[in-house]
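Each of the two complexes below includes chain A, the first together with chain B, the second together with chain C.
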Partner chain A sequence: MTAPPTLRLARADLDALLDAVRADGWTVLGPTVREEAIVYDRVDRAADLPAGWTDVQAPGRYRLERRADEALFGYAVGPHSWKRALHPADVRLWRASRTADGFAVDDAPPAAERTAFLGVRACELAAIAIQDRVLLDGPYPDPIYRARREATLLIAVQCGTAGGTCFCASMNTGPGVTGGADLTLTELLEPAHAFVVEVGSPRGAAIVARLASPPPPATEPERAAAGAVVARTAASMGRTLDDPARVPAALQETYDHPRWDDVAQRCLTCANCTMVCPTCFCTQVSDTTDLTGDHAERWRRWDSCFTLEFTHVHGGSVRQTARSRYRQWLTHKLSTWHDQFGTSGCVGCGRCITWCPVGIDITEEVRALLAPAAPAPGGAQ
Partner chain B sequence: MSERRKPRLAVWKFASCDGCQLSLLDCEDELLEVAGAVEIAHFLEASSATAEGPYDVSLVEGSITTPHDARRILEVRAVSKVLVTIGACATAGGVQALRNGRDVDEFLRLVYARPDWIDALATSTPIAAHVKVDHELRGCPVNKHQLLGVLSALLAGRSPAVPRESVCMECKRRGTVCVMVARGTPCLGPVTHAGCGALCPGYTRGCYGCFGPMETPNTSSMAQALRAHGQAPDAIARAFRSFNAGAAPFAQEADAHDPS
Partner chain C sequence: MALAPDPMLPRRARVLASRQDTRDTWTLELELDGAAPLPFAPGQFNMLWPFGVGEAPISICGDPAEPARIVHTVRAVGAVSQAIAAAAPGAVLGLRGPFGHGWPTVQAIGHDVLIVAGGIGLAPLRPVILELLAHRGQYGRAALLYGARTPADALYGHELDAWRARGLQVLTTVDVADRAWTGAVGVVTRLIPRAEVDPARTVAMVCGPDVMMRFTAQELTARGFPAARVHLSLERNMRCAVALCGHCQYGPTLLCRDGPVLTWERLRPLTSVREL
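Right, the complex of A and B next:
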């Protein structure tokens, strides 16, 4: 028996769905309020979700505010991305111990726990697809990412609220989910608080099949309401990347643009943008030994193209200036990523704008870089 | 494998509060391992028994503030194979570098009953201003894990890895929510050298800059952001004038906001 493709789940039955997910052997990570933000952490009950909270975002600014309703997913995206779970910030690659006649290496990858991501946004599905391409395609797939990715169940939620720094609509990555999730929820707040559930995979169907009282099919008005939620969100994006089809090639003509000097005046080279970016994947590798010299470990950790060490070669670092580092990051994200991986490296989630301490806005920088040339000196203005 | 001679470790104190040396004694779990791996030949904070140099590794705490110490650091350098400065005093002159550029004679008259007994330099300067330094560990105090990491690296004959990136990278790796963006709390993390593990933001406090300037600190943009977060110019000047007041990027930014 196959589950009907689109179902209706009452708000009161969400705990039953979470129970079914757990009963299928998944630990659930999802949105929860911590440290004045909506972060991804362990979620056991619907009561752990950020009911009635939303996030108000602007360049360099994020604030939680109460909503007038009890929406569970009535926010955009927070400081965390699923990258934390799939491509961890710190991971041991191997360890070795001295033995009587040499040394023994333990490089068994740690077992990946079966983990369900609850509340995955369309932009985040796009980001996971990009990381899949970077870290799994090609001759050397990353075993750590692969193990975690294969042990992941994706429960998406279509966005009912666009953030002030969101621009997924112009990147064509959201706010509607077009595939890639095991289950996709759309939250309806009226006439009754409920979810429209689309089953996207056999694993998703297995979860639904575990529900003691099977949810009824969604009615046509409910399905229309879910579509309207997405359309309304798409129409209220806080930001836009202008003319995205033109951006990759056009940026190639900007390498000497004075705007890079302008942004370098503001850029802190602190690397926050790369840390919060759901597609940035760069890592560094370092070795440690203990005091006895009998044990050694090799660790991999998130790195950033904003550090000097990142381009350190014999003789020094290649990208000495903030100008060259910001330019590298932006042009890689929006232009050369296409050459390297066949897609944009940006999904329009807006995290780099919100979590930049000085509020540098990638959409604004692109607008300035690609604007028609300023009037010649002596002209009006 | 034949038993090699244990490397000889010395710990030296100049103008400082002893807090960084205490970080070594604070390595309770690892202290026996340290004692097993090296011969602690000179460490007055731990033992009054001392052994003559030369020393394989010298850890130097404190800044140079007297003519006597300016001579003594030359002697320490001469008997040390590898010299590692530990803490904000040794690496940037410490909080006592606040006197740099001020009237030190007036301070002496105000503070001491017999200022003529005091023989102090007009400045507090980092060790690297006097002798060649092989490795620097920042912080007020230093981070004990970094300290053990440097000792372990030196014992293994490899170069210690001490990242010069921002505190923000440590914050983000540990998953801490940015206190500046999410709460509007002024924070020096973006211009501050990593190494503490983002200790203060982890307790929802802004970074105080104990580890001094990161590799490429854009302090003027940072100051503008602090302004936007409601900090008055004198507060911005004070923020840059703490444990690392003598570090050039912080000193220059502080001066730019000093109304006096």
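Right, the complex of A and C next:
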């Protein structure tokens, strides 16, 4: 075996690559412009991609703007994450019918269409790895997620622009892709519009092998230019989570911190942050019956720890206040997730900051909670 | 433990017998198709599904030595638990399980055992008592302290004397007595000094309302029961029971996976956090 090759694909040959992916049996999902945002949807041709668009992001703000060039991947991340495809928002678990001996469950095994994700960012690869940990590595792997995950091809694209709310560099999840993708593209805009392609798996190699005119190896200057793209993005990232190594343990000493009251004054408990987060996995189930009462279905839907019902037990909800629900969310993401799953629950993608209607910034809240001036720790006692 | 291939799919469990225990509580005896055994550890629970209504986590309270006879005691408090409690002989419920990490019955071998229960909290502890009495010689001294709201709310009244006769010290108390009541009156923690066990060598198991468990655990540790050997069974909202839905989080724990039984050593720092 030789080292995985690094190839050069001209912009004009991107359609040939997409054809090869489809010829290998994959449906392609990728970035498209819909309703003034870049979201993941079906992509058949390179012309479906958001050429010349970028996203301007700030706490509580997201806007598309024209770029001066025709970059196809010149944005950061939008409101969608790949969890919509891997861990669907709404899925029927089973159907049951009444029978003479009680009921019968129709347990058709979950089916999944072979799907290629085009334009996966480093933070999104990290988020998928976290969901793998939660949904596959526990005592009872989720069969729906597993079927979809196994039928997924990951085509990553290196970030050429740091989004206004990103902080992946401090979370050690980006901006550079370091593994986990079948193919990784770096978009070069000059001297000519082209992609440096790294093959990361046999599946990726199979696609490259299907190209009618095999792409040449990338030249040394092209490889250097690709490296410079990631370095520039890292250097321009404006936001950080301070002292991430200390955060998980330190947050568990903040349960009585007045900052939770402060953030509760601003938080609308709208649950946007949990919906856009690529790692949030919580679900609820509900049963429905038809009018005859003889047919029942169980549906699983995304749920959010920001709802009152989330902690309902007989006699009322455990987390009554916005304070306790925001605290649950933040401490879960950055602290107790480690206890439960041996990893952080946050990859620093910035979505929760951008899509929070009131612009609450998780990095800013942590800074305030862990500031040296904070009241004496040990409040949890 | 025996599980259906997909733990999210309910199996059929037919009601063999139903008995009303109190004003709002029923005990059901169930059997899987073909009387298939459902081996379980004391303290584990099943998800019970009355067709089309919804699911609820309910502790298994039968005899671990008779795994084909599945017993549940259910207090009817809302739509789902009412539908379960109302299931008559012949009715079929959906059942998933068993789930969770139960009581330390093995760790307790060679130790004294103290069981403290409040109200319906006696149900998940009944398998512990049955196992202990079946292997009475393996354990040291053993006591059950049981508190109920009124004499009419006490569970398993017909069994308490039999347990006493087989070597379990049984003390009962009620919040509100009636004329016929000869036991104690007041909260269950007041019975603790009367338990004939040696705190230093006792494994304690506590189940009841949150407040009752907290006061009991505090009282036990104050009296020299080591926090690492005081075990509590917690209740939280549970949707999947297989550590995938996120609902049963309690700080760093997922109760369906790490509990519902946890030590006071682990819980003490968490119970003082409001709305955790």
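Convention: the second predicted complex is superposed on the first by the 361 of 381 C-alpha atoms of A that agree within 3 Å, B and C clash if a C-alpha of one lies under 4 Å from a C-alpha of the other, contacts with A are read in each partner's own complex, and residues count from 1 in each chain.
Rule of thumb we're sticking to: a contact is a pair of C-beta atoms (placed from the backbone, for glycine too) under 8 Å apart; a residue touches a chain by one contact, two chains touch by 3 or more.
Fair warning: this is a prediction, and the values are worked out from it, not measured in the lab.
Contacts of A:51 after superposition on the shared chain: neither chain B nor chain C is touched. Residue contacts after overlaying the shared chain place A:234 against neither chain B nor chain C. Once chain A of one complex is fitted onto chain A of the other, the partner contacts of A:211 are absent, as it touches neither chain B nor chain C.
In the superposition on chain A, A:35 makes contact with chain B only, not with chain C.
By the touch criterion stated above, A:287 is placed in contact with chain B and with chain C alike.
In the overlay built on the shared chain, the residue A:16 is in contact with neither chain B nor chain C.
By the touch criterion stated above, A:151 is placed in contact with neither chain B nor chain C.
By the touch criterion defined above, A:90 lies against chain B but remains apart from chain C after alignment on the C-alpha atoms of chain A. Of the residues of chain A, those at positions 286-289, 293 touch chain B in one of the two structures and chain C in the other. Those residues of chain C whose C-beta lies close enough to touch chain A in the complex are 6-10, 12, 14, 33, 49, 51-55, 77-78, 81, 92, 94, 235-237, 239-240, 242-247, 249, 251-254, 257, 269-270, 272-276. On the side of chain A, the complex with chain B involves touching residues 34-37, 39, 60-64, 79-80, 84, 89-90, 265-272, 275-276, 286-293, 301-302, 304, 307-309, 322, 354-355, 357-358. Residues 93-94, 96, 98, 101-103, 105, 107, 134-135, 138-140, 142-143, 252, 255-256, 281-289, 293, 296, 298, 303, 305, 310-314, 318-321, 323-324, 328, 332, 335-336, 339-340, 380-381 of chain A are the ones that touch chain C when the two sit in their complex. Those residues of chain B whose C-beta lies close enough to touch chain A in the complex are 30, 33-34, 36-37, 148-149, 151-153, 155-156, 158, 161, 163-166, 168-169, 172-178, 180-184, 187, 189-191, 204, 214-216, 218, 220-222, 224-225.
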